[in-house]
Every structure is written in C-alpha cells, then in structure tokens.
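In this document, chain identifiers A, B, C, D, E and F correspond to the written order of the chains, with residue numbering beginning at 1 in each.
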Amino acid sequence: MRPSKRDAQDIRPVSLERGVSKYAEGSCLIRCGDTHVLCTASIAERVPPWMRGLGRGWVTAEYGMLPRATSDRTRREATAGRQSGRTLEIQRLIGRSLRAAIDLDKLGEVQITVDCDVLQADGGTRTASITGAWVALHDCVQWMKARNMVTQDPIKDHVAAISCGLYRDMAVCDLDYAEDSEAQADANFVMTGKGELIEVQGTAEGAPFSEAAFIELLSLARGGISRLVDLQKTAVG
Amino acid sequence: MRPSKRDAQDIRPVSLERGVSKYAEGSCLIRCGDTHVLCTASIAERVPPWMRGLGRGWVTAEYGMLPRATSDRTRREATAGRQSGRTLEIQRLIGRSLRAAIDLDKLGEVQITVDCDVLQADGGTRTASITGAWVALHDCVQWMKARNMVTQDPIKDHVAAISCGLYRDMAVCDLDYAEDSEAQADANFVMTGKGELIEVQGTAEGAPFSEAAFIELLSLARGGISRLVDLQKTAVG
Amino acid sequence: MRPSKRDAQDIRPVSLERGVSKYAEGSCLIRCGDTHVLCTASIAERVPPWMRGLGRGWVTAEYGMLPRATSDRTRREATAGRQSGRTLEIQRLIGRSLRAAIDLDKLGEVQITVDCDVLQADGGTRTASITGAWVALHDCVQWMKARNMVTQDPIKDHVAAISCGLYRDMAVCDLDYAEDSEAQADANFVMTGKGELIEVQGTAEGAPFSEAAFIELLSLARGGISRLVDLQKTAVG
Amino acid sequence: MRPSKRDAQDIRPVSLERGVSKYAEGSCLIRCGDTHVLCTASIAERVPPWMRGLGRGWVTAEYGMLPRATSDRTRREATAGRQSGRTLEIQRLIGRSLRAAIDLDKLGEVQITVDCDVLQADGGTRTASITGAWVALHDCVQWMKARNMVTQDPIKDHVAAISCGLYRDMAVCDLDYAEDSEAQADANFVMTGKGELIEVQGTAEGAPFSEAAFIELLSLARGGISRLVDLQKTAVG
Amino acid sequence: MRPSKRDAQDIRPVSLERGVSKYAEGSCLIRCGDTHVLCTASIAERVPPWMRGLGRGWVTAEYGMLPRATSDRTRREATAGRQSGRTLEIQRLIGRSLRAAIDLDKLGEVQITVDCDVLQADGGTRTASITGAWVALHDCVQWMKARNMVTQDPIKDHVAAISCGLYRDMAVCDLDYAEDSEAQADANFVMTGKGELIEVQGTAEGAPFSEAAFIELLSLARGGISRLVDLQKTAVG
Amino acid sequence: MRPSKRDAQDIRPVSLERGVSKYAEGSCLIRCGDTHVLCTASIAERVPPWMRGLGRGWVTAEYGMLPRATSDRTRREATAGRQSGRTLEIQRLIGRSLRAAIDLDKLGEVQITVDCDVLQADGGTRTASITGAWVALHDCVQWMKARNMVTQDPIKDHVAAISCGLYRDMAVCDLDYAEDSEAQADANFVMTGKGELIEVQGTAEGAPFSEAAFIELLSLARGGISRLVDLQKTAVG
C-alpha cells in the first residue's frame, strides 16, 4: 500500500497553469501533487560564444529551489556561493531534455533559457520541471511565431518525464517524497510524445536491482508519461 | 497623472495570503499590484555563534528574486556565485525591520529566518517583503505559542513598509516600476503599527530634494502604512 | 553628557589634507577626531560597458577598512574572498552621493573611481568618507581642467555628510564610536552645499523613534554639514 | 565498421596495475585503451558530520582530469575556482557505485576517499574510473584487514562499469572518443559481479531512441562488464 | 648613475614612526623614500588549530596594497575575490621572516598577526614591510611584557630586509621603482641584527647572472641592512 | 649519515621519459627518486591580453598535486575553490625559470603552457618540475620546428633546478622529504646549462645561517644541476 493510497500505476493530480508570469515569453506553473514548480522561458539575442554566427539557436535550463520548498530549510545557494552538484546535474538534465524537443536550426540564432524554480518540493521536482518546462518552451515558441521570428515550427514533439521506483518491493509510478526517501531503487525517465526515450537514469539505493525490475519501471513510466503528454496537449490545445 | 491612474496617496491593491507553504512554520504570499513576494518563516534551534547560551532569540531575513521576476531576465545569483550588493542591502533592511517588531528575550534561544522570494517584481519589492514578512513571522510565533515554545507573546507591534517618491514633481505613495524608474527622489519608510519610525531611506535620483519635500513623502508614507497595517490586522485577525 | 564632553551640536575636530598621494589625480586624508580616511580619486579611460559611446562620464566609489582600523582586528576582506554587505552598502552610498555633486555629461567619457580606505575608525567612517571623497573628486577635476580634459566645470556643488543620533535620549551631532555603540537611533545625512538632501538613512537601534525626533536629527545634521562644507571651501579655496 | 576495427561487443585492451602509489592504502592505475586513470583509496578517521557516532563507515569519490588529458587543453579546475557540473556529476556517480559494493556497517567509523584522476582521456573516463576504483577500494580494505581494523569483510561484490552506444545505427560496446563524439545515444551501466544493476544512465544525443535499442545496449554492457569483472578477479586474485 | 643620484651602496631616507595606531598593540609607519607601509601588530588568544594546547605562540603576517598605492590604480583584492599569487607570496615571506626573530615557546599560546598595508609604493614594499613589521612586533611584545603576559623576552634579534639588484650592469642597493622596473636581476635579502641570513630570493629578469654578481649583491645588502638595524635600534631605544 | 645513505653531493636516481602524452605537443615524466611529476607542454594561439599584436610569444606554467601524492591525503584544490599560496608561488617560479630558457621574440605570437602535475611527492617537487618542464618545452618547440612554426631556434639554453640544504649541520644536495622535513635551511637553485643563476631561494627553517653555509649550498647545487643538465642532454639528444 502506497502512503498516498494510489495504485502502483497512478500518477498524482497534475495541473499545468500557463501564462503565470507578467514578463516571460512563456511560463507554466506545474503542480504534481504537492510539488510545485514555476517554469519561465526567456529569449535572449545572444547565444553562447561557441555558437555565434552559426545561425542556430540554443536552449538551456536553470534550476533552483526556494530555501523553504523543503521540509527542513535548505541553505540558499546564492549565499553558499555556488550551485550544488545536485542542482547542476538537474539543470543539465532539463536542458538536454528540452533540446531533444526542438529543432535548433529552425529556432534562429537566439537562446531560450528556461528557469525551473521549485516553490514546494514533495518528490519528483526534476521530472515535474521537465514536464512544465516543455509547456513554457512551447509558449515561448508561440510568442516567437506570433512575431514572425521563426518561419518553420521548431517544436518536434512533446517531452515529459516521470520517476518510478521500487517501494517495499513493488514497482510504483510517480514517487512522492514519502516513497522516494525509502525507495530501494529510483529511476527517472524522459520520453517524447511518441514514447521514445530521451533520458534514462536509474539508481539502486540499497541493493542492486535486476534487469526485469528495471523493465517494469520503464513500463510504468511509459504509462505515466503518456498521461502527462495528454495533459500537455489539453493545456496548450 | 500617475501611469496607474491612482491618486497621489493611493496604494496598489494588496492581498496577504497566509499558509501558502506546506512546510514553513509561517508563510505569506503578498501581492501589491504586480509585485508578488513569497515570505516563509523557518525556525531553527541554532542561533548565531555570538548569541549562544544567552537565552535570547534572533530573527534574520534573506531576499532573492527569481531570474524572470523582472522585465528582462536577471542572472541567477547562485550562478554568479554571490549575492549582489543590492540583495545584501535589502535583506539587512528586512532583518532589522523585523527585529524591531519582536522582543528577542521572549523568543527563547531559537533563530527565525524569514525568506522573501520575489516571484514577480513591479517596484517596491523590499517594502512588500517587509509587510509580508511580518505576517509570516507572526504566524510562526503563533505556531510556537500553540506548542508552548514561548510563554509571553514576543510580538511587540505590527511592522509595515512603503516607498514614496517624487514623480514628475509630485509626491506620490507606493511607487510602481513605471514611476520608480523615472522618479526624482525615492524613499522607503518602515513604521510600526503605532506610526513610529523604524527605518527611513531616502535617495535623490536626479536633483537633490528639499526638507519640505521629504516631509511630504513621510506624510504620504504614514497614510499608506496605516492602510497596510489595517490589512495585516484583517489577515491575522 | 557626551563621552567626548562635546555639546549636542558639536562636530569633532576635522582636518582635510590634500595631495597626500604621489600618484592619484586627486587625494585627501580626512581626519574627524580619531576617524581617519584616505581618499584617492583615479581617472580611467574606460567607462562601464553599459555607458560606452554615450560621451558621458561615470563616478564610482570603493570602500575598505584596514584590518586593525578597529578596536578588535577585523578579518581582511581580500582573504574572506568577498566584500561584506556592510562594505557594499557603504560604497554604493558614497558613489551615489558623489554622482549628485557632478554633471556627468560635462565630464566626458571617463570614469573616476574614488577609493576611501579607513586607516582608523572611531565612528562615522561612511560620512567622513563622503566628505573627504568630495575633496579628492574636486582635485581630480581640477587636474583634468589643467589638462583641458573638460571644457565646462562638471562640479555642481559641495557634498558632505554627517551622522546624528539619539544618545541617552538626547539628539546629538557627529556620533563617535562610544556614542554610536549605544545609540537608540542613528541617521546618516548627505547634503549639498546649499543644504538640500541627497541621502537620508535613519535606523532605530532599540525602540522606534518619532517623527519629531527625526526632524531634530535632521536639524542638527544641517548645522554639522554646513560647518563641513565651510571646511571644504577653506581646503580647496 | 568501428574506427578501432573492434567488433560491436569488443571492449578495449584493459590493464589494472595495483600498488602504484607509495602512500595510498589502495591504488590502481587502470588503462582502457588510451584512457588512463590513476585511482587511489585513502582512509581517514573522520566521517562526515551527519554520520558521527553511528559506528558506520562512508565511502566517497573525487574525480579530476589533468589539463592536458584531453586533445585540447582544458582549464584546470583549481584555477577556475570550482569543479564543473560534469565533474560533480561524475564523482557523485563513482561514489554511489562504490557504496553499492560495500557494507558500510562492517567498515567501522572511517571514511575512504577514492580519488580518480584521469591522466589521459579517450572516452569512457567515468566508467574506467569506477572499474579501477573498485580495485583501489578492495586493496584499501585488504590493508585494513591486515591491521585488524575490520573483523568481517565489508566487500559485498565486484563493481564495474562500461559505456555502450549507438554509433552509425549500430549498438557497440565500450565507446572510445572517436565513437562517443558522434554517437546517437550513449549509455553508462554500472553492475555488480553478479550482473545486477547499480546505475543506468542513458542519453539521446540526436534523435530519441527506442526501448528495443536500449535493451540491446544493456545486453552489450552485460557482456563487457562480465569481462571487466574477470579482469578484476585476476588482478586481485 | 642612478635615477635618484644615490651612490651604489646608498639606501633611501628611512623613517620609522611608532605608535601610529590608536588600537593596535604595536604599530609602525615605515617610509623608505616614497614607499610607505603601515604595519600593525594584533594579539589574539586563538592560535591556528594545529597548534592548540601546545603552549606555543604563533606569528603570522598579512599584506595588502591600497588600490592607488601604485602609479596606475590596481584592482582591489577584496573585489577580485582573492589575494593574488604575488600577495600570498609576500605575506608568507614576511611571516617566515618575523618568526625567525622570535622564540615562539616564550610567547605563550597567543597569535600575533602583523598587517602590512602599503599606502604608497615606490619599489621595495616587501622589504620595507619586513623592516617596519619588526618594529610593530617588538612594540607588541613590549605591550605584553608590561602586562606580564610573557616572563622571558621572546625577541631573539632584529630582522630587517632590503632589495639589491643589477641596474645598467651595476650592483646597487635599495632599488626604487624606476630601477626595479628595468633591473637585470633583483634580489631580496632578510637578515638578523647579527648579519646572518634568514631569506634570500634572487631572480634574473633578463639574462641569467653569475655567482660573482650575486655575491656582490649580498655584500651590498649586508651594508644596507646594517644601517636599517641601526635605525630600528634608535627607534625602539 | 643521510637517511637514503647518499653522500652529501649525491642526487637521487633520475629518469626523464619523453612523449608520455598522446595529445601534448611536448611531454616528460620526470622521476627523481620517489618524486614523480608529469609535465606537458600545450600550445595555444592566444597570448595574454597585454601581449596581443606584439608578435612575441609567452611561456607560462601551472602546478598541481594529486590529492594522494603525499603521505597524508591533501585536499583537492578544485574543491577548495582556490589554489593555495604555495601552489601559486611554485607555478610562478616554474614560469619565470622557463622563460629564462627561451627567446620569446623567436617564438612567434603563441602561448605555451607547461602543466606540472605531481603524481607522487617525496621532496623537491618544484625543482623536479622545472627540470622536467624544460624537456617538455624543448619537445614542444621541436614540434613547432617540424611544422615550420618557428624559423630560428628559440631555446637559448638548458634550465634545471635542485634543492640543497643544511641537514644535521651538513650541507647536502637534493633533499628528499625525510631530510627536508627536518632541514635547518633549505635553498632552491635554478641554473642554465652554462651554470649561471636564474633563481635562488634560500630559507632558514630554524636558526639563521651564515653566508659561508649559503656558498656551500650553492656549490653543491652547481654540481647537482650539472648532472641534471647532462641527463637532459642525453634525453633529448
């Protein structure tokens, strides 16, 4: 029995609220249960130095957590003077995932930065960030289209993500914090709207896990991500 | 004529939403027009080293802005590796203001950290932070009272803040960004519920200003803060 | 009775020694009692990036304290790896104050950096820095005039500063450290030679203070600054 | 055809040279083709603060590359002032992988730090680090056993790692740099001697990949890791 | 002919002004021509961690330059976020030199920090720092003696320093900046009052130099340091 | 009697292994007894900003130690966030020494960076770095010659270095760690192939030392460096 009473394949209630920022070219507040992430997409005319003059665009991501997004207050990274390894790892993952959704050649020589700031954390902040960031990125591209900044649609497909894990010897979908903190294994999956894989990250927390267990997690993820993509379609439709 | 059509003494619509955080001991989302600040109060058992063993508490504040809280995206301070001078100045101001509201001797040897994170900025973020932070601090103290962590009420009075300025030769109350960016003078006032001064910070932006003009700003601030204190009373009442 | 036996409106003995640096385009060693600040003004051909090509100049300030300028040795900021919030706040204040003294359009596209380094601290280091920095800035502009680098005098007026406070329920002018450390309220005032306000920063240290008390501090400051401006006139005359 | 003429399932020539450090309690220089990593295991009496007094040990890893380990010189991280996101991600991966190999309760309250320093890089530095680090860790534990610092063997199993990828539409094992730089997908696998999974990290570089392709990579990895574990057994036998 | 018209063996006019700091336990403003260094000695009860409980003292030094101590303004190290390699090298040299002057066992478990801050630089700042720092250290020890903090005199001997160099093929003593900037070789010597060596640092700037030339520099240094020690004796006598 | 049984003038067994890096334009692994340093020379088209457009080259050096190069594990400088004063001092010394070996005008506008990374340390790492770095630099220049990047040979002479010291009242050559850690005085000498001096750095560790003792160290160094230069000639011959 899961702490939230959900069945093994159930994801938490999800809402995708678009246009929440007065300034950003695209924005989305995603709520997956008690995990809330504010995603904003910002356009800049400058691409990174190694891309200048190539006529291609770039998409990157940054991730942060408010200090009291967590059960115990976490030290603010701006006062610590550096982003933690965990933060850097997550924002690299979000960036790679978003770039798989977009044809950078069609974007023109601009950079889109998607900021994912966790207002409240209850497990799955990195996967919620990806799912919400895609909506912000989509709306940013719409904003560009409305201004004739792009001629062909650079969005190739949906991208969404979910974590699955082994909790008390059972494979379950969309771990919340109560489950995540005692999971035996934990895996994050990022997929396209067509169900192909972009990123897979699985970690044994206690004992190592079998290939069969991993395949089961992958199967649960496919179902959860399919539901998230449907929600994205409804949101931007 | 103000860009927002407000009269000189009018403040923007203000809402104070309590209990917005699942985890924080006290929290408040303050909205002053399009300026939105999430304030959370967190208790820790540890006071700063120089206060250990004295039996007194401490209240401190931290301030941050989401990168796209502003019209143009601002660099994330965690990636810059340090808080800017502006940020440090603001969080020192918030901390001093809150400590004026509370009897540290009655708090017991705990530290309360109030985080003020600007989700959206349209002028007056530091004063909105103070007004909202007081509510979060109040609720944190209520939380302590409910657990018998304090025996006497450490809250001495309300604390609220507002900025006033000279805009096109007219003294106006509660500057928004459109006014702030071309104000001739700008002053922030922090006052108690009884109308006494805690902090005064006035700056000439272009030409220096006269004592008479300054007194006029102070008078407008008194009115605005009085209304904010009424809203705080309603919110926590 | 003040520890220094001064009357309420008395400032400390002040000396302004010009030309103390072999290299700087303008320099002044200001002594306000036991507070000694070495101010040097340096010209650079480069303005900050956001001002390039506009034909306007820029004036900025930096502030520092020698480690043993204080009663107890303070950690050197260069070893701490960053300037403290207090330092950043002070150097921003000095910079804003000096820019109020000068017409940047008439300066031409150069940057003047005024360094204020506290050799010995006995209260009022930021206000002494402003008063001394104005002299260094003035002499730097004279240096430019002598080389025909400016055609019209960019200096608009004198700028000087003083702190006043409530000490044992009495409003007093020009706090020294013995007073400052137990003042009930402390306010810094920056004014022009004509007596107009550039900056006002008042802080309640213990109990909040009344508007009447604040007006009294402002009045004392006006007297003190008037005497400092006279000393500046004598020094540069 | 692979650039190295290897068959799809072939790993590069591997050597594991033990005892290469005069000082370290365990050490191994691993060479996987032209990728050379020096791994040293160091014992310290201090565990991290959150583990003190629990009687359990800790194993952690650090990773670095000499500046000219790469084709173009890379900036030294010590001069950059921080470890890159890539470095932090890799050393976190190595640490997690090693902890899966060891029973921390049986280790006693000591910390073992395994440093993996890449002397020369030709692809697969993180997986080579894990395979070599296990040998250094093993020898460090032997060193402890010889001194009666542990009573029961804390080593639970072998741990080794390899990267596989899709190169010109073919699944291949043990990517070298020439393959890695144009791979369509790239996955790192960490497994135990029994063939169970510890970590899985797959990334689409260009187009997303199918589940079937991923399963094929996993199968290749199983073969490669099996060979690496045999080499570890020979080395420490 | 030297730019300053001095003979080869002549040092610049030197003054040693004691007691220049209101707060420091020992202080000295040394002027060697236009090189001016403010040296303060500060006592702390805490020794570095590796020396605690041993009953021995420690002497350390820090070095800094005001930004406009030099002909062109130098960036403030506190804003750069780190001390330069040159600064670290110099303060390590000063510390080692001072520790050669003192019997740390007789000092008791205290740390003396000598800050050497260059107010104006015209060559030879590191050697002037050492000569002046010895006076500050001496007076600090006198201060301790007057309070019975030491029972035996920990000062073993004088320590002073000078730079010599090859300027236009001539060996000269006490280089000023005009000479230093075009010297063929440059050597700093630190000696005791008895004329024994503590530190020797010689560097070829252009062509390498012969042993004979080096011996000649050493001989000049002996003469110069002897005069500096006489001046120290007069100052503290 | 020296711990290594060597006679006073004996250096340790030295090997110079060239071409150890697959990528670097020049490389050398130097082993002096148990001190092992990997030296790589890397060419870059960019010279430092202050040298651009002058047509001259630049040679610089960086130095690092693997964390477990030493008897006790040393903290990795990349995690500490800065290079230590010792590291900066050493790499400045190596850079100056190498620049004395080369005619920068004949090098053309390129920068050569020589990285010296200590794999294992048993005393004398800075002097071994210089001796090995010269070989890497030499081979890098040969690489340039083979590609007609230089028209005249920029190498002026050999450069090698050794440390000598007073150990148990005896002057000895090429200190190892056992001697270095209890030496009364320690001096590093850098010389050309012709026996002229480039750098001299002598330090009294306990009591100051006499000029006669220093001359004796210099004489021993001359012999040791002569042997090192012979080994360099054999290596590159």
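We take it that a contact is a pair of C-beta atoms (placed from the backbone, for glycine too) under 8 Å apart; a residue touches a chain by one contact, two chains touch by 3 or more.
The structure presented is a predicted model; accordingly, all values stated were derived computationally and were not measured.
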Practice task
From subunit C, count the fewest steps through touching chains until subunit D is reached.
Solution key: 3
Problem - subunit E and subunit A - chains in contact with each - result: none
Problem - Shortest chain-hopping distance from subunit A out to subunit D - result: 1
Handout entry: Superposition rotation for subunit D onto subunit E, Cα-based, multiple of 5°
Key = 120
Exercise for the section: Could you tell me which of C-E, D-F or E-F has an interface matching A-D, in the sense that over half of the contact pairs are shared by residue number? Expected result: E-F
Fill in the blank from the handout: Farthest chain from subunit E by C-alpha centroid distance is chain A
Problem - Separation of subunit B from subunit C, taking each centre as the mean of its C-alpha atoms, in whole Å - result: 28
Fill in the blank from the handout: subunit A to subunit B, mean C-alpha position gap in Å, rounds to 33
Handout entry: Whole-Å gap between the CA centroids of subunit A and subunit C
Key = 50
Completion exercise
Flagged in subunit E as touching 2+ other chains are 82-83
Exercise for the section: Mind sorting the chains in ring order for me, with subunit E at the start and subunit F directly after? Expected result: E, F, D, A, B, C
Fill in the blank from the handout: Residue set of subunit D touching subunit F in the complex reads 21-24, 27, 34, 38, 40, 42, 44, 62, 64, 66-71, 73, 76-83, 87, 113, 115, 117, 119-120, 122
Completion exercise
Within the complex, subunit B is touched by subunit C residues 82-86, 88-89, 91-92, 96, 100, 187, 191-192, 194, 196-204, 207-211, 214-215, 218
